[in-house]
Amino acid sequence: MAIHLSELSTRLGEEWAGDADPLIASIAPLDEAGPGALSFLANPRYRAQLATTRASALILGPADRDATTLPRIVARNPYAAYARAAQVLYPASPCRPGVHPSAWVDPAASVHALACVEAGASIAAGVVVGARARIASGCALAEGSEIGEDCVLHPGVVVYPGCRIGARSILHAGTVIGADGFGFAPDQGHWVKIPQVGGVRIGADVEIGANTTVDRGALADTVIGDGVKIDNQVQVGHNVRIGAHTVIAGCVGIAGSARIGERCRIGGAAGILGHLEIADDVEVSPFSLVTRSIRVAGKYTGGVPAQDHAAWLQNAARFRHLARLESRLEALERRLGAAAGSGSSDSRGDTP
Amino acid sequence: MAIHLSELSTRLGEEWAGDADPLIASIAPLDEAGPGALSFLANPRYRAQLATTRASALILGPADRDATTLPRIVARNPYAAYARAAQVLYPASPCRPGVHPSAWVDPAASVHALACVEAGASIAAGVVVGARARIASGCALAEGSEIGEDCVLHPGVVVYPGCRIGARSILHAGTVIGADGFGFAPDQGHWVKIPQVGGVRIGADVEIGANTTVDRGALADTVIGDGVKIDNQVQVGHNVRIGAHTVIAGCVGIAGSARIGERCRIGGAAGILGHLEIADDVEVSPFSLVTRSIRVAGKYTGGVPAQDHAAWLQNAARFRHLARLESRLEALERRLGAAAGSGSSDSRGDTP
Amino acid sequence: MAIHLSELSTRLGEEWAGDADPLIASIAPLDEAGPGALSFLANPRYRAQLATTRASALILGPADRDATTLPRIVARNPYAAYARAAQVLYPASPCRPGVHPSAWVDPAASVHALACVEAGASIAAGVVVGARARIASGCALAEGSEIGEDCVLHPGVVVYPGCRIGARSILHAGTVIGADGFGFAPDQGHWVKIPQVGGVRIGADVEIGANTTVDRGALADTVIGDGVKIDNQVQVGHNVRIGAHTVIAGCVGIAGSARIGERCRIGGAAGILGHLEIADDVEVSPFSLVTRSIRVAGKYTGGVPAQDHAAWLQNAARFRHLARLESRLEALERRLGAAAGSGSSDSRGDTP
């Protein structure tokens, strides 16, 4: 769609400035924008591009208000304003109310008249689908699940029985909500399945990426708070609880019964062991394994990044004998009568 | 469902004791159970809760028989008895025999009259589906695949041609069995696809988690033994062989032609390189990469857990020069005429 | 199918030799082959098996031409010749042109008359499906996506709007192309979704494994070059660019805007952080995290492989204090007046 800058600023609730009120039809980076495009400056690193951009208008912060003469929206948080402007310019395809003839809806399901059920979707007895929710092709909603208003379930999403998804949440293709948690009791060399009778409760305004899996709880529910954003290929174990507005990047694995605070940021392919607690506002770096509870907000990192393979071979070989290497150092320190205590005392017996 | 404690004990083949025979309708942890609930004591850590629980009945071991006066089932393995009791109290939804009108079954397929084929499933020529098997919405079974009696395939499971799944196995939503193994021959800067003509053979009583993938073999079959339990998001490469009753947690990757023994436990997000052998009864810790065959039962761990980011930065920087750090230590040892031999000899040339 | 060795050699464009022209019906390893089977010697390690194999014919390199008297194809690249021979002997099932009655094709879609649309697939308005392309059961192609000639989309593949897939590409079951990239702007403690308005452009002759996800770009496209091969369970973030003929093993995660060169080899479960550049012909080892751009071709490795758990506990504890361990070494060096400079200077302040 196309919109005048003045109207866009009104929709965003932001101020605008400039000598013209151009019609905006797209968004582009400063160095790629052309006529009709809106661009934005959120990272000061790109300020020099203000002089050369061919954008028709800009979004920028108060400090940069006079750094350009182009028509502009001046926003307290220019990056968020850009996101909201893009939502206006690129609206999600509207949900076309109704049930596709090739979809199957059980007579005992309750699908709102303004909801959209696409080709090949299947909706079982007792399911409730809210107004304007979109259930795309091939989704399968099992008995008693509830999908809130304005939700979008992309193709092939599976929701197991009794799971609830809050309003305005987005589930990308192939996501599976409510499969059985991984629970088995050992008995004489084999494994007895423990029925997973809890559910999954997902808050409002949650987004979950493609092919991500969120398991149902063993007895109580698995819970994902409001505004949580989860990327693709993430595994959330049974009885995990994730606090509101936490973001989790792709390929993360969270083991059963872990509790993650609010506003945390979990980097890609990180791992969180089971039965841990992570405080609010914790950042876990990509590829890092959390093995103990984290009580204090801050950034936590593990692992050993890639380096040249030949050098790594030498270093990793030494890691295999690191304790002995320290013992050799201690022996020298003792021999020289060095004050070795400070260093060695708290590394002895300190298990990771 | 609800059941009297006495009848439940009979169904479990376990002894019961107590002054009353309550009707049991649910299972709950000791500290959350209320009237009508059965609870259990499997971990001595929770023994103190026996005094305060409001459960109507308990499952506990012989040693704790007299630790309560509540009606109780006394079981050799209380955790397994709890699992079996939960199976009684929370039975899986029964398979409703028949083929849904929106499913498609090839005339040359053989679907047992007691099997259930749900909405939108598709079953190709030559497929055999056993009695009481449930093929849920949107599953796709390709030519010549075989699904054993009492199997449950949750929605969206895909089985490629010629793969066989043993009786009573459970495949969670989005699982893909029998996609092509990752095999290509390099030729003048590009890759020639090697047809993957083996199949997948899955034993009885196997459970496979949501969005897990098990590739077909290149020439011979990929084989998963009886009673194996695999969690979500696991990748099993072509020609892997997994011994009976091994359990594999979420996000694990197993490269082609690895052979894993019986009763192993592979932790979440672990990795196993290709063409390795892992003995029976091996435990691999979460997030650990196995790079060599493991011949001896036991526990194996790798990686470096997360710590405070600033400290990690310092430590990881040293890892990049760990070999040189050892050389410096050796230089001091030589200078002091220290008997350095024991420590340094086997770390030199020892590649991980 | 079965074919005479002479005809097979003609189809491969390779020379054959020997006293007989056997009919070949299968391919097997040297030690498992029987009558009617073709085997191959690509790895000199197996040369001794030439003497005992029961194969009817062989593929081998010029150097081994006279190492057997069996009928044989002599090929410059015997492994690639084996791959091509297997393609002849085990042809992919042909696409049966037409649209299955249970599939749904929007009247405004363009599906080639020689394409095949299987049960339960759904094809939206504006989609273009090329000649001989196979769209298997339950696939969902959204508005305006384009599928090239001779593509194979296995069951349950989802293609989001406007994504393009080149000719002869293979997408395995459960793959999701074009889900939204993970883009949110922080604003007052919550996250504002940034519409992802770029697409995905996939080249010709690409293969993508089961349950892999490739996100659409934020503004520009995500791009995968010709001949790229990607295994199962891989995550490709938004605006990633992957050069031609690169291979990526299972469970790899590639963060947004990373640029990977041509002919790279990325090992299983490796990770590549966002906004990096990786040169052509780089090999990344399995389970290795790339945290910086790599400008020079070669092999790169990170991580710490599994070892005996008790030893690992000791070593990982020392890693947590590795910087202090070096400080203690430096103190000894200073005390002894050792020339410590060379080793310590470049490890100080060197962050990974």
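Per-chain residue numbering starts at 1, and chain names A, B and C are given in the order in which the chains are listed.
By definition in this document, contacts are C-beta pairs under 8 Å (C-beta built on N, C-alpha and C of every residue); 3 or more make two chains touch, one makes a residue touch a chain.
The structure presented is a predicted model; accordingly, all values stated were derived computationally and were not measured.
Common neighbours of subunit B and subunit C, listed by label, are A. Shared residue numbers account for under half of those found at the interface formed by subunit A and subunit B, and the copies are therefore classed as meeting with different residues.
Fitting subunit A to subunit C on Cα positions gives a rotation angle of 120°, stated in steps of 5. Taking each chain's centre as the mean of its C-alpha atoms, subunit A lies 25 Å from subunit B. Chain contacts: subunit A has residues 102, 120, 138, 156, 174, 211, 233, 251, 269, 303-305, 307, 313, 316, 319-322, 325, 329, 332, 336, 352 touching two or more partner chains.
Taken in their complex, subunit B has these residues touching subunit A: 27-29, 32, 77, 79-80, 82-84, 86-87, 89-90, 92-93, 100, 102, 118-120, 136-138, 154-156, 170, 172-174, 205, 207, 209-211, 227, 229, 231-233, 245, 247, 249-251, 263, 268-269, 286-287, 303-309, 312-313, 316, 319-323, 325-326, 329, 332-333, 336, 338, 340, 343-344, 346-347, 349-352. Taken in their complex, subunit A has these residues touching subunit B: 102, 104, 120, 122, 138, 140, 142-143, 156, 158, 160-161, 174, 176, 179-180, 182-187, 189-195, 197, 211, 213, 215, 219-220, 233, 235, 237, 251, 253, 255, 269, 271, 273, 283-285, 288-292, 298-305, 307, 311, 313-322, 324-325, 327-329, 331-332, 335-336, 352.
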